[in-house]
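First chain A sits with chain B, and in the next complex the same chain sits with chain C.
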Partner chain A sequence: MKRTAGLWLLIGLAAFCLLPWYDVRGSFWHFRWFDTLSTQDAPAILWAIGERPWLWLPLLGLILSAAALFLVKSPVKQAQALVISGALGLGLLIGQGLFVVGFGARATVFEGVTQPGMGMGAFVFAAALLFIITTGISGLGRGRGDAFITGMVGAIVALVATFVFYPMAFIFTSAFELRGGQGFGLTEFLPRFFAPDIWSLACVTGRGQCGVAVNSTLLGLATATGTTVMGLAFALIFTRTDFRAKRLLRVLTVLPIITPPFVIGLVLILLLGRSGTLTVFFGDLFGIEKTRWLYGFWGVWLAQMLSFTPIAFLVLIGVVEGVSPSMEEASQTLNANRWQTFRNVSLPLMRPGLANAFLLGFIESVADFGNPLVLGGNFNVLSTEIYFAIVGTVADPAKAAILSLILLSLTLTTFVAQRLWLGRKNYATVTGKADSGRNAALNPALRWTCYALALPWAAFTLVLYVLIVFGSFTRLWGYDHTLTLDHYRRAFNIVVRNGVHFTGAAWDSFFTTLSIAAIAAPLTAAVGLATAYLLVRQNFAGKNAFEFSTLLSFAIPGTVIGVAYVMAFNFPPIELTATGLILVICFIFRNMPVGVRGGIAAMSQLDKSLDEASSTLGANSFTTLRRVILPLMGPAILAALTYSFVRAITSVSAVIFLVSARYNMATSFLVGRVENGEYGIAIAYSAVLIVTMLAVIIALQLAIGRRKLRRTDRLETT
Partner chain B sequence: MKGSVRFENVTKRFGAVTALKPLSLDIRPGTLVTLLGPSGCGKTTTLRLIAGLESASEGRILIGGQDVTHLSATYRKVSMVFQSYALFPHMSVIENVAYGLTVQRISKAQAHARAEVALETVGLKGFGARLPSELSGGQQQRVAVARAIVLEPEVLLLDEPLSNLDAKLRRHVREEIREIQQRLGLTAVYVTHDQEEAMAVSDRIIVMKNSEIAQEGTPFDLYDRPASSFIADFIGDANLIDVEVIAAGDSTEVAYLDRRLALPLASAATGPAKMVLRPHHVQLSREPGRQTVAAAVSYAAWLGNSVQYTLDSPLGTIFAITAPQAQTLRIGDTAHLGFDPADIRLVPA
Partner chain C sequence: MKGTSASAIALAAALMASAASAQSLDVVCSNEQAWCDLMAQNFRIDTGIDVAMVRKSTGEVLAQIRAEAGNPKVDVWWGGTGDPHLIAANEGLTTASGVDTSELLGWAQNMADMTEGRAIGAHVGLLGIFYNTELLAQKGMPVPSCWRDLTRPEYAGEITLSNPQSSGTAYTQLATLVQLFGEDEAFSLLGEIARNVNQNTRSGSAPGRMVARGESTISVGFMHDMVNLKKQGFPVEIVSPCEGTGYETGAVSIINGTPNFDAAKVWVEYVLSAEAQSRGLEVGVYNIPSHPAATTDPEAPDMASVKLIDYDFATYGSSEMREHLLERWGVEIRSQGGNFEE
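Up next, the complex of A and B:
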């Protein structure tokens, strides 16, 4: 404990005395601050001596910790002193940040003083104080005395607090804010909350429009059910049949994930819209009236099914594979036929996975922004309404906040119901005892049902993608089908003259998108899987609250988080708007829950005795994590990495609020092109993005590979 | 002292559930001690407390004379063989065995060399390159042992190591474990619910019941001087016959049915007690003799090297094992059962 705490003490001191305390806006990596100590880039110690003496306050915590470390002899008292002094320092740091803000003091004590947003120095300093606290906590015998575990818990709690709770607090307060900044109250909140345009059931009971909350719920249920069934069909075909084109199937189902948000909507319009190719073809053939059915519930549902079925497939493939063959064999020896085995053994074992897929599908659907935006028509859902409440002709943050609260309660309720239904059963099926055996094949009826569901779907998907490629090479879809490279030339032109110049319109956002996604993906996977590890494998005080906080970030839709980030990080103490960092952070906390869920699912199938064996063999929790857990979590890591990378590229809901001139993302570039009606260039850009993401996914697959636990993947041949 | 294990009033609670009542025990270095008891008796909890996989609610735990109560499993010099073996499925056999060494930053070459030796010790030379899933249950079990002993732990813990093996293999492997323990002079703590297994391998046995120690001693002690009817019945089979002690002291006189019997053993107090009569101490004959009791044979099983009988008698149901005789009693026959007073033990009622 002493060594760890001492190390963080030194780091904190160095941050205070050497690193630039305030946000230096990109100049940090040029090390310009090093020789211009009198400017904005000075470390805290110089500011404290000079015009901002309140910066001495947080240092007090560090000094007291040092005193505790060197003067207090009893280990327990020393640990207590470290916790208290660290917490004091951190509290003072946060306090001075919140009260002395850039646009003037909030408390009258500091009237008239200002300071910019915190920078590198402040954050390293805060981290040092945090880890002094957690080291102290481990010294008190919590987390089985493991400083690595308490540190991990502390770090995740701090990050979630800063980047989920802190911005969310802005949403909550503005829901109750009275018009014209006249304080807070319920007088405006209550009537707006219970308004009929949110809760009306008119579309169910009779004629008329349903409220947005009702629309979102119905859509969510329909999409979640559909994607779970389709995902299971695909997963069963993939793992339990001798279907020949499995690889193709996998690629096909992965494709929609790597598709930028508007493309599916666009192609659906071009195909099934009022003057779409298929509509015209069948309309002429059978004399069916050409309608605008696509613009509404069914259109959005179709697009969401195409978008989210692959996610269910990815979740369920691990679940189906995780069912121990010996259980199925046991069932068969008990004279159950293949259908009974599936119905009574395999399916119940997959239940948590199915619930997980359903939950994911519901929340994805409810939070989805791109598809309802393109195809919604008069069918309004919560996420788009929130967006229009912010960017519409009359900006109404209070309405956005109220709708966000509703959306949040919707997703939270689902989650709780799901957990009650699942109960607390133990589904561990990969034990330390090596398992060998064969997975039961499907009975013919089930197999053909799966084929009937999945194969036409796969074919439809294939057609869509062929059309994307085709569309990107045609001059003007539907009118002029001359093949052309114009769209690509405008987006991705390269001029080689005195070096290589990327003159195409899309290059800028393309490079930004890729680098931000590449930075965000491993961080997201790491935070997500670390959280999963803590939730599944460790016991610590406040674990339920910890679980709830990660759960909360799971339930926040992108639109909401985008609005919250703009509200929270537009001014000190944490000023991040118009940076690339805010995009990275947004992606991490927006996509982290998928890593958590995948990690939990994968980790609960690893027998705990593996961890215990590792620790009795002298490995600490870090080594156990690195050498035993992580290698066995290959598929989960792959899924988390892939998913977060791809989501960072294709995400639009939060991004649209956070992009800046310097850091423009591909999706917001696409929004611009779609708004201008430049469908050709939008589709061409999308095609390039798809190919890029596909290449990255294949590279990741090859790099991490499949786990090899059984001799071979043997399958009962029928 | 290196290799010793000592519990001082250790308790363990999981929430409101008491898994272990205040427990004190001493395990001498180089001995194999078995924790024996029915499931849920606290034996596995005790083992996990030694390993550091659970932390004690109260009390002190010392390993090798050093207080390890607050030390996590990682830093205790104990290693454990798990019931499920807990072999890392993604590592080859040699990597599994070398794991404990490599996490201590021992070079891979050296670790693998030592792992080879350990594999040779358990008779698995040449199996290093395989994956655990490519081994039989018995081989996996031996890999688990090799992985544990390669670290030369102060204490080797074995949690029902044989429960996943078939009966024949079980006897063979338990002999191997005992032989390795003796050869390496390891202190070993062994958890099982199988009393025969415990008797076969142990220097001492700690019998647990209801979260506390019922009795502790050498296998012979437990068998020959059971302290309670539970121990008498649990360690080797026993017929328990209700008696009244009418004279206590250096020699004892008991009354049962309408008889009185002098026993050549010391007893503390008069009053109700139970007489322990081991099945193979029951003498059966077709003719009545002195002090015999008439009984009806209700079940007879010929096992080749012995015959087992169940008899209905005024003493209750009596279980008897005799050497195979020329004239085997049959179901329904009347037999006269007797015993040598020197074979009788008394336990509290």
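Up next, the complex of A and C:
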């Protein structure tokens, strides 16, 4: 403990004395601050001596913990002193940041004193204080006395607090704000919260439109049920049948996730809209009236099913694969037939996967923004209402905040219901024991049901994607089918004259998007899986609250996150707007919950005896994580990496508020094109993005590979 | 380790050398993407000032600059309907550029006068009715030529409008009808039209696109968007309503508190120049530019051939009037129509 704390002490001191304390103009990593280290990019110590003496306050924490480290002898007392002094330092650091702000945008306590946003020096200093606290906590015997575990918990808690709770506080205070800046109160909140245009059940009880909350709930339940069933059907086909075209199916189940928003909606309109190809074909064939049925609940549902089934599949495939054959063999030895085995053994063991798939489907559906926007018609849902409450003609942040509260309570209810359904049962079947059986094949009826569900679906998806490619090469889809490369040329033109110039309109956003996604993905996977590991394998006080808080950011719709980030990070102490960093951070905390869920599902199947064996052999928790858990987590890592990379490229709702002139993202570019009716270039750009993502995913799959749990040829042949 | 630090220093030196370019400008643009890109590209070539451009709808821009008030991350806002520019000017979110407007057309100068130079008119878009010729012929429906025609029972379920609570286009339409017929009559007219409406879209340009693609038959929107769709090859026709029609004024504003005011002023001068405005035709921009010397397309609508109302921007751009009209629209129109079910 002493060595760890001492190390962090040194790092903190170095940050205080050597690194530029405040935000560096341009980028820290360009190291231009070397030149100006004595003036505007000075470290805290120079500022403290000069015009900003309050910077001595946080150093107090560091000095006290140094004193604790060298003067206090009793280990318990020393640990206590470290915790207290670290917390004091961190508290003072945050306090001075919040009270002394630049530009007078928030209530300042001191007249006329300002400081810019915190930079690298402040960040490293804060981290050092944080880890001194966590080391102290581990010295008190918490987290099995393991400084690595307490440090990890501390880091994740601090990150979630800064990048989820802190910005959300801005949104939630505005829910209770009274009109005309008259302070806060419940008088306007309550009637608006219970307004009939939110909760009306008119579409169920009679004619009329339902409230947006009811719409969102119905849609979410329908989508979650549908995607879970479809995901399970696909997962069963993959693991329990000898279906021949598995590879093709695999590609088809991945394609919708890597499709940029709006594209599925656009193609559905071009196929099934009132003048869509299929509508016209069948309309003329059978003389049916061509209607606008697509614009409403069923259209949105269809698009969401197409978009989100793969997410359910990704969650389920790991779990279905993980169900140990020995359980199924035991069942069959006890004379159960294949249906009974599936019904009473395999299916219950898949519960964590089913529950997670349902939860993800529900959250994805209610937070989805692109599909309801394109296909919603007069069917309004919460996510679009929130968006238009913020960007509409009458900006109403209070309404947006109230709707967000409702959306949040919907997702949280589902979350609690899921926890209750899973209960406290044990689903671990991958143990250290020898295990060489084969999974039972499905009984014929079930197999054909899976085929009947999945194959038409796959065929439809295939048609959609063939059409996307086709559409990107036609001049004006639906009217002029002359083949042309114009759309690609406009987006991705390259001029080779005096060097190479990327003159196409899309290049800028394309490069930005790829680099931001490439930075965000590994970080997201790391944070997500680390959290999952802590949740499944470690016990510490406040674990439930911890799990809840890490999932919260996923339940908050992107639009709200986007506005909250702009509100919170536009001013010191943390100033991030118009940087690429804010996009990276936003992606990490938006997508982390998927890594967490996937990691939990995969890890709860790995028996604890594996960890115990490792610790018995003298490994600490870091080594166990690295040498035992991680290698068995291949699919979960792959899923987390893939998902976060892809989501960074395809997500739209939060991004729209966070893109800046220098960091423009592909989706924001696409929204502009779709709004302008330039479907050709939008689809061409999407096609390029899809191909790029596909290449990256295949590369990842090859690099990470599959975990080898047992014999590979373990399917029972019939 | 030694190798990495050496290369890091070399890299840093290289970056320092390349960072010599003096001025740079962050522009947020609410026009069509291609037009935004082209203007930025030309500006870069002609002035040597580096421009970073992002496209956002006016609602998004207003939300953003409100959130960023006092510490803006963009320098100039160019394009979009004029009302949000007026709101921004009223709220002090934008600042006077001091650019000379005396050469511009009258309506552009009016806008500058009204906002004390904070927002200057850059282009005008006229409202019109738009229909799909194929669908109209198929169903044997008459051709609409006036606002009142939209109430005809033959059009039941065939008209798509946009929602004024989210779209500037739709608000312009609402304000136009109120100015044409008086408030009460305008609302009773809108109520009758609402019975024919199949959808109130969020975006103001969506109805036009839906008509072009044959998803709907008749829509209302800005004529310059419609000219663009027609030129793309869709079977559509544009009508200028017989009672007269309203218009929007697109504007350019400098964000209050920008650190790059000088470069921003150069941008404002640039986008108001005849040469810069004339280039819009290259990318299918058919609205009416504010510089009288800028060239226009013969097929594009022009203010002389269309019967125009005297649009009262001061009254209908004010937030009280806007809130009043939108609330009345929400109560009377949205509840009774606009949700035609098939």
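Definition applied: the second predicted complex is superposed on the first by the 708 of 718 C-alpha atoms of A that agree within 3 Å, B and C clash if a C-alpha of one lies under 4 Å from a C-alpha of the other, contacts with A are read in each partner's own complex, and residues count from 1 in each chain.
As a working rule, a residue touches a chain if its C-beta (ideal position, glycine included) is under 8 Å from a C-beta of that chain, and two chains touch if they have at least 3 such contacts.
This structure is a prediction, so every number in the text was calculated from the model and none was measured.
Chemist: State whether chain B or chain C is in contact with more residues of chain A in the superposed arrangement.
Modeler: For chain A, the partner with the higher number of touched residues is C.
Chemist: A:D146 in the overlay: touching chain B, chain C, both, or neither? Say first, second, both or neither.
Modeler: first
Chemist: Applying the touch criterion given at the start, work out whether A:S615 contacts chain B, chain C, both or neither, answering first, second, both or neither.
Modeler: First partner only.
Chemist: Counting only touches as set out at the top, which of chain B and chain C does A:T277 meet: first, second, both, neither?
Modeler: Neither partner.
Chemist: Quick check for you: in the superposed arrangement, does A:Q701 touch first (chain B), second (chain C), both or neither?
Modeler: In the superposition, A:Q701 touches no partner, neither chain B nor chain C.
Chemist: State which residues of chain A lie in both footprints, the one left by chain B and the one left by chain C.
Modeler: Common interface on chain A, chain B vs chain C: nothing in common.
Chemist: Can you check the complex and tell me which residues of chain B touch chain A?
Modeler: Chain B residues touching chain A: 51-53, 55, 70-76, 78-80, 82-90, 99-100, 103-104, 131-135, 137, 140, 147-148, 151, 157, 164.
Chemist: Which of the residues in chain C end up touching chain A in this complex?
Modeler: Per the stated touch rule, the residues are 8-9, 12, 15-16, 19, 26-28, 32-34, 37, 51-57, 59-60, 62-64, 66-71, 73-74, 83, 135, 164-168, 171, 198-200, 202-203, 205-206, 208-209, 212-216, 225, 229, 232-235, 322-323, 326, 338-339, 342.
Chemist: So in the complex, which bits of chain A are touching chain B?
Modeler: On the chain A side, the touching residues are 141, 144-146, 430-436, 607, 609-610, 612-621, 623, 627-628, 631-632, 707-711.
Chemist: Help me check something: in the complex, which residues belonging to chain A touch chain C?
Modeler: Residues of chain A touching chain C: 26, 30-32, 34, 102-105, 209, 269-270, 273-275, 291-293, 295, 373, 377-378, 384, 388, 390-395, 475-476, 478-480, 505, 563, 566-567, 570-571, 575, 577-578, 656-657, 659-662, 664, 668-669, 672-673, 675-678.
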